[in-house]
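One chain, subunit A, links the two complexes that follow: it is found with subunit B in the first and with subunit C in the second.
Now for the complex of A and B:
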């Protein structure tokens, strides 16, 4: 069977990881002392700061590089990053928000049918890798999109990629392949 | 300084190379003035730097010590598993190739041993020799994740094409590996490998049809199937034997069975499925089947499994339909519609239920949930979703549907176009995708009244906590109308309670203004800082005093 009509699938973005720089040296001890919701990790040389709204965890290094994780959309990540930069500014550092880049997006999509993983892995042999002894899902990498898709037998798939657009394109690409293995009747 | 000949005193001394030995020879009288040694003296050697092994030419000519040891280990492992000669030599060759590859050149010795195991797995798979990674891993006493990582690195770096063996092949070698002869385990517990394989294979096929195999660890399922098969071959004395005792009898491991919790869960799931099917046996007349006593019925269930599966699916469909109609009549405002619905819908749904008869001829294979599952899944899902789409129109506002997806409500249940894909001559069209940050509003799951009843129906539970045969227990967390609730056999993880997802955040552009008040909440007031510092100092002083006291005493 080949998919003919349109199907609307809901892709739920569950995590967005972004990096940015503040272009100045940061004193981690000051941040740990004067900031609330911070965890100082001297053994790793970083400070973890958690924002409430949006719910974001940021790892702050003394070089001024910061990684934000936990956002649910790219815009959310940017807002959270800017908030964080403002907090650092208020703490007395000469911050300049720059080089903001979304690095990774994790999304989950639930397909309305079960998937026969063995058949799927067989049909897509070198690209799809299925090792039930190691992981219950089939791992499918789309090189040109730099996206990785994990396909479970219940029909839910998780997609990771460098941007939300890539993730959506990856789902569009993989859907027909999954449909073949989920619905093929004898 | 120029050399002088000792014999004739001339300074006409030239260099001559005789047999690569540099000598200084006097031209006039021919006597040798000095002779260079071919080899360096000990003192010279000590001063000069030695050539390291990896830079010397010996690397290409002779393998290094570690490689020799590892190759010996590879050969020993191959002999333990009784690989044929050609497979052994190809394993050694593969190992040598991998050893020299940059990915594996500088790894630890532990990993090098795992690499040996990984090479064996790769070669076995390429020759269709059924062997599980777990088997080799347990022999090497290796962490399974590490072993898996090394194996995947091997496949990736050497671009190998190794297909994993099917579970039924693994099962055969597994059964033959067990020693259940009468002499060892006693008359009551003994079993031949052939009978065990046959029964276990049938059980595994049944498990495959009912979504218990896909994605699961094959060795755990194999053990569960072998255990149940062994019990069922002579139920009377063996029904009371627990899994742990069976493993001890069969001498599967010295101590704990690896993954025993998982195996127990698989046994439980398989028994549940067998109970559901057992309830369909006509001579039981619909009586409940207890998981504790299902071993006695396994033989009959396995013999007639195709038929029993179809019957179970059909009766499940009929139950669903009956409930749906009941609810339509009680809750629907539009009284005319339900009357029209009943015959049409019932017809639509039961028709696929009859279809599996035709599809029985093809034998089930391995992990593919087959025939009754397939045809009924395919058709059942299609018709059910047809019924859903009729009610699907009041979808969340502001959604971005393309017109093709939305079907206006039609009175009665004249089946609208199939929402999900059907065959078309062109290639697959790109899927319309809608994403919304963090929100779970699957199109298929708008609250249809019919589906509400399923939530109530599903949770009638018998004494031992298992669902009554023929009914389905599903998690209340599954969205209404989820396909998992409509079907009898679904992957068990759908029945477990789902993890709560994060609440979706508000829609933002990322460039909004940030007010000061929001930021103030993240900064300590100066008073707090002072308090914090004084407290820290006090604690530090106290700790010092304590240490001082301890040192004194």
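Now for the complex of A and C:
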């Protein structure tokens, strides 16, 4: 009924979250005092370090675990992570870059048509959940992909999933369902 | 009744007579049962001669006095049932309470209770506040029945965040596989209309509001919006249509949305073509016909997109235009010095012809307005100031309608600035991309792959010494409070450590550390341990000590008979020193359950006794010493052995005393008392 791959939908990845470990204990105070672009919050026990090149914010814990957010692609995230590890290395810690894992990817996509949310929610009863009192979008969860899609009536959708591939697959899966309840191609 | 067989003749034909209460075999005539228990309604004569039925009313859900009879059966099973019944009872009470506040009818409340029972079976109540679960059950009923209750009402009554309730509700709906139909704003109209007190015209106003809502639905105003907001807007408009002056404030107090939302809805409605119709037209119009409008958010988005596209195109063209712009700037200055209004008007007309992008009429109108204002302003001569104002004004207009062709001298002024602002970001981005070294090779061995990482750049991220000092000072200053707290805490801990009362908060194991006990045998060790560890705080052990001294002389003779019996049950009513307690006492004082453990000891004792026939003392003593169990010799006790025996006796005495003191009415205690 409608071509899956031919439609050139722009899936824009807006955020990639990754975690990795440096396998050594870090002294947060040292990092806080000798690093540029750091925010130290002793109450929370972590240091926020922001990098400019791949625009990344990293939360660094003293145990050596680091969460890296704000990247726009998986490669970016990895590069940023490695840069961060290099900075820590220069500060004098014996870092070993290990266990890098992309945890979450957030992508936005704009469909060229509007969507009848109520009809869509009715068609996909248990999987889709629509509560206009709480949130203006329909939330659709694809269990086997572990992806969540939020669908707005204007046709823009946001997809979150564990990897970029998953996200792309999720969009492909949901497109035909959305097309059925679409209003008009404008 | 299952076919019963007569015991005497084996016949199966048995006649049961309910009135007599007999069961008789018809073949041989033997009575098999007499006084059968019947379960019929019995009547009792009351005082005035009236007759009433026996029995009590029990409520249908199994709660209440006498509903759960426990015929002295297993307590374990009984308590389990009670707990569940108790939970259900509580839930029912809460549901009814909440339901009455919302004026829900009994049928709804019963359904809600059923939902709760289902949730309980699926263990959905665990980890959630019971009030939340109950509220969610009620709201589920509201949705399935279609009552005009909002989640907001429930949260108002409970003073709980709406979204928290909503989350619970969603979980419940999903787990119970109940498909709650979508909220229709039309449901709320009658309720709000009543609250707004339209009097006799209530019905008419409601109908009008409903029509408005239908139109709104077609115009895509209602997707993704709270139904209450739409209702509010519809009611407000319909009230005005029927000459009721309901202010916005009144409406929002009823509908529970904020003023901004209501105004926005009204504006959106104003944008639809329906708003242009007169009242009569609207009432007669066929709502199904006509174009549907786009959802307001959609139009907004589209507009922003268009603007963005234009800006991008503009910035792309900027490199070419820059030179032109500069030249035009000079021209502007010149023109400004020369005759002002005419020049501008002339350029206006020129520009409207030359501009490519659409929305010309808008541009022209804006230009004309700007020109008018400028003409007014030129009365106050301040060349540059005017120019700036112009630029500002036109900058604002520029935002709305960016132009590609900087053909107008005066209007060109702001162009470069606006564009250059937009350009900055894109230039940064471009430069950033160029510098960026994308590297895909990775090494997972834990070593850092330095490919693509510019060391120099990394160096930038580290501060040099001087900077470090400055930063240290700043940071210490900022976080002074926190550091002070930490210091105080440490000092406190150090002090406590010195005093020896420091108690580690985090260690959950035995907090008290006793000095290591050094003892020759296990018995001694246990005694010493028991010395340290106090069994009960409620016993005045000094008194016990005193009492022990009196009975001490009696014990040696009576020691032996007690041995053969249970070891723990040496029933001297007197109490001895708490200190020397045997393993027996220790266990016995813990409780009856551990008694079987203790029985191990007498076996040993007896064996040892047998080994030492006739109670030869010198032999007995060395035998007794190494063994973990202290053996009490039968026969005359040598003076030398007193300490041991004393220990034993005291221990035995302590056994009893401790137990008695602790109130343990042990099984063997009484016996031993007698025995003693």
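Going forward, the second predicted complex is superposed on the first by the 177 of 186 C-alpha atoms of A that agree within 3 Å, B and C clash if a C-alpha of one lies under 4 Å from a C-alpha of the other, contacts with A are read in each partner's own complex, and residues count from 1 in each chain.
Operating definition for what follows: contacts are C-beta pairs under 8 Å (C-beta built on N, C-alpha and C of every residue); 3 or more make two chains touch, one makes a residue touch a chain.
Everything numeric in this text was worked out from a predicted model, so none of it was measured.
Enquirer: Considering only the touch criterion stated at the top, classify A:168 as touching first (subunit B), second (subunit C), both, or neither.
Expert: Only subunit B; A:168 stays clear of subunit C.
Enquirer: Of the partners subunit B and subunit C, which touch A:149 in the superposed model: first, second, both, neither?
Expert: neither
Enquirer: Please work out whether A:128 is in contact with subunit B alone, subunit C alone, both, or neither, and reply first, second, both or neither.
Expert: In the superposition, A:128 touches no partner, neither subunit B nor subunit C.
Enquirer: Once the structures are superposed on A, label A:10 by its partner contacts, choosing first (subunit B), second (subunit C), both or neither.
Expert: Only subunit B is touched by A:10; subunit C is not.
Enquirer: Examine A:82 and indicate which partner it touches, taking first as subunit B and second as subunit C; both and neither are also allowed.
Expert: Both partners.
Enquirer: Quick one: classify A:90 as touching subunit B (first), subunit C (second), both or neither.
Expert: both
Enquirer: Does the superposition put A:176 against subunit B (first), subunit C (second), both, or neither?
Expert: In the superposition, A:176 touches subunit B alone.
Enquirer: For A:32, using the defined touch cut-off, is the partner it touches subunit B, subunit C, both, or neither? Pick first, second, both or neither.
Expert: A:32: touches subunit C, not subunit B.
Enquirer: Between subunit B (first) and subunit C (second), which, if any, makes contact with A:107: first, second, both or neither?
Expert: Touch status of A:107: first partner only.
Enquirer: With both structures placed on chain A, which of the two partners, subunit B or subunit C, ends up touching more residues of subunit A?
Expert: Partner with more touched residues of subunit A: B.
Enquirer: Where on subunit A do the contacts from subunit B and from subunit C line up?
Expert: Residues common to the subunit A contacts of subunit C and of subunit B are 33-37, 51, 53-54, 75, 78-79, 82-83, 86-87, 90-91, 114, 116-118, 122, 125-126, 129-134, 136-137, 152-155, 183, 186, listed in rising order.
Enquirer: Which residues of subunit A touch subunit C in the complex?
Expert: Listed in rising order, the residues are 23, 32-37, 40, 42-43, 51, 53-54, 75, 78-79, 82-83, 85-87, 89-91, 95-98, 100, 114, 116-118, 121-122, 125-126, 129-134, 136-137, 152-156, 183, 186.
Enquirer: Within the complex, which stretch of subunit C touches subunit A?
Expert: Contact set of subunit C toward subunit A: 150-152, 162-163, 166, 169-170, 174, 177, 179, 182-183, 220, 223-228, 292, 294-295, 297-298, 301, 432, 435-436, 438-440, 442, 444, 446-450, 452-453, 455, 457-463, 468, 471-472, 475, 479, 482.
Enquirer: Spell out the residues on subunit B that touch subunit A in their complex, using ranges where they run on.
Expert: For subunit B paired with subunit A, touching residues are 132-134, 144-145, 148, 151-152, 155, 161, 163-164, 166, 211, 214-219, 359, 362, 366-371, 374-375, 377-378, 381, 385, 399, 401-402, 404-405, 417-424, 426-444, 483-484, 490-491, 493-494, 501-502, 504-505, 507-512, 514, 518-524, 529, 532-533.
Enquirer: Help me check something: in the complex, which residues belonging to subunit A touch subunit B?
Expert: Residues 1-14, 33-37, 49, 51-55, 71-79, 82-83, 86-87, 90-91, 107, 110, 112-119, 122, 125-126, 129-134, 136-137, 152-155, 164, 168, 171-172, 175-176, 179, 183-186.
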